[in-house]
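Both of the next two complexes hold subunit A, though its partner changes from subunit B to subunit C.
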Partner chain A sequence: MRIGFMVGILGGILLAHAGYATIQYRGMLKIVEEEFSRPPMNVVVELLLGLAFCIWAALAAPAKFRSIHPDSEENRIVSLPANLDFMIFNHRGKVFPCNAEYKLKK
Partner chain B sequence: MAREGDRGASGGAEDDPPIFNAENLQSNIKSIHYSRTFLSIIGGVIAGIWGFTGLTGFIFYFLVMAAASFGLAAKAKFSICTYFDSWNRIFLDGIFGGLMSFVLFWTFAYDIVHIF
Partner chain C sequence: MVRAEEAARLDRLESQVENGGGGAWEYLCLVRKLKARRSDKVLKHGLSILNDPKARSKLGGEEWTLYEQVAFAAMDCQQHDVAKDCIAILSKEFPGSTRVGRLEGLLLEAKGAWAEAEKAYERLLEDNPLDQLIHKRKVAIAKAQGDLSAAVNLLNKYLEIFMADHDAWRELAEIYMSLQMYKQAAFCYEELILSQPTVPPYHLAYAEASGLLLVLYTIGGLENLQTAKKYYASTITLTGGKNTRALYGVCLCSIAINQLTKGRNKEEKEGSNLQSLAAEALQRDYRERAPKKLPLVISMLKNMKLNS
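Entry: the complex of A and B
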């Protein structure tokens, strides 16, 4: 997640630099009295690079996806908590079929 | 959708609605929402700097959203049913919400770069 943030900030810096370069380009166009059609090629490359970095950061920085199946491997409760005084085992869950093959995860 | 449930094994054949781990599903949906919102803002800034006007800007937005959808599907390792309850979560949710943020930052960046 940290490297996601760094890459996102780097993408933001690239975009800010591209914006500043475009402002200067427009200033130059005003001097030579030409119309603005599109930014120069290096600015376009910089924009696309910034977009790529930001897409990567937007996918890597938020939390990883967690499985929603209750019986998948990563959702197992692998050990009992230390305080058993308030744990109740005589509840309605006893009607669920018991899977006796589960072993303690190493 | 009345299909939420907390942890527990899916029963036998008599259990028709599937049981999901609701907090993981909600965390996944929040994660997608953050990704899409951030990319809408970044797409808006890029469209403004590039100088898009009119329909071109909206086409650029939908291209960025399509890239985001592909990236999210890749992040879910292309097995959507492991992480979400329907395909619409990845492909359709959040697109029109992000459109508002996109237009806001598009006009903002365009004004800063091209007008002032």
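Entry: the complex of A and C
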């Protein structure tokens, strides 16, 4: 998860830097009085790299993804809850020997 | 609903706590969340936390929830003194609270004093006439005394007011099944499937109630069997084909339907595909999990096909 965070931050910094470089490039173009068609090649490469890093970090940084299939092995419903609202105490547990050591100290 | 990985986590925590590694509080929280009924373990580990003043003070406000949980578990394990002590502490902290009053009523129930428990609940109902848990406890009193028809009446009256309570529908369905009133049990399961359509056990139970209906009603038996087969099939879809009981149900239903329609004209013969597929899936399942029993299953399926 650490690596995910680091890579994500690096990707963000790359994107910010690419934006800054583009603004500087436009400023320079204004001085030279040319039209701004697209940012220079290295900025485009930096953008794509930043995009790849951010996507990888978004998938790797969070913890393990949970399964959504209802019939996958971990989502399989094993039992219904025991319906505790209607629980009765009239069961065979009454004949178990009493464990006298259970006491609430006060 | 307890899923497989939650159940595995619960068992792991339980063995960890039993063998002396910490995590008792986490175990108790998980038991509370999954509504599991493991009263002996809860009692043992809950008391170990409550009797240790350092651990108790670490809990802060959750201490009272733990007292309630331990009181419940103590009543289930017939340790009435422990329960009485816990309730005394709770009533000192929260005097006049309905929740504590409910616990006192529960203690009377656990001791077997049904009449006094009913009186206590009536008193609580005067103050809060719409308290769901107290109504449910009255049903439980009737059930514990063995008076199932009174329990059914009380539950029906309760469900007229609180129609969305699926625990109550489930309880009513189980009582009807034990009374062999399968038509009414099927109705209750229909309500459950309507409210929670993705829970396989309800489909399975509905299929079984419909299938058992054939035992009592021979007229219209074919429709009930077809309903049963449909719901066994839906259980198979929901569980991805892993539910063995549903596979057996489909096989048996198809064979029974074929037996019933032998005399009539055989226009609808689409069922045979489903039956052979289910038989194949069953054999594959047994081959993976219990290969020693596979010959038994194969011979049984062959017998059924020959006789039908």
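The definition used in the following text is that the second predicted complex is superposed on the first by the 65 of 106 C-alpha atoms of A that agree within 3 Å, B and C clash if a C-alpha of one lies under 4 Å from a C-alpha of the other, contacts with A are read in each partner's own complex, and residues count from 1 in each chain.
To be clear about the criterion, contacts are C-beta pairs under 8 Å (C-beta built on N, C-alpha and C of every residue); 3 or more make two chains touch, one makes a residue touch a chain.
Because the structure is predicted, anything quoted here is derived from the model rather than measured.
In the superposition on chain A, A:84 contacts subunit C only, with no contact to subunit B.
Touching more residues of subunit A than its counterpart among subunit B and subunit C is B. After overlaying the two complexes on the shared chain, residue contacts for A:96 are found with subunit B and with subunit C alike.
By the document's definition of touching, neither partner reaches A:32: not subunit B, not subunit C. Touch criterion met: A:70 reaches subunit B and subunit C at once. For the contact definition in use here, the residues of subunit A common to its subunit B contact set and its subunit C contact set are 69-72, 75, 77, 93, 96, 99.
Within the complex formed with subunit A, the subunit B residues making contact are 5, 7-12, 19-21, 24-25, 27-28, 30-32, 34-36, 38-39, 42-43, 45-46, 49-51, 64, 67-68, 71-72, 74-76, 82-85, 109, 112-114. Subunit A meets subunit B in the complex at residues 8, 11-12, 15, 18-19, 22-23, 26, 36-39, 43-44, 47, 50-51, 54-55, 57-59, 61-72, 75, 77, 93, 95-97, 99. By the touch criterion given at the top, residues 1-5, 7, 34-37, 43-44, 47, 50-51, 70, 74-79, 81-82, 85-86, 89, 109-110, 112, 133, 136-137, 139-140, 143-144, 167-168, 170-171, 198-201, 238-242 of subunit C touch subunit A in their complex. Taken together, the subunit A residues at the contact with subunit C in this complex read 69-90, 93-94, 96, 98-99, 102-106.
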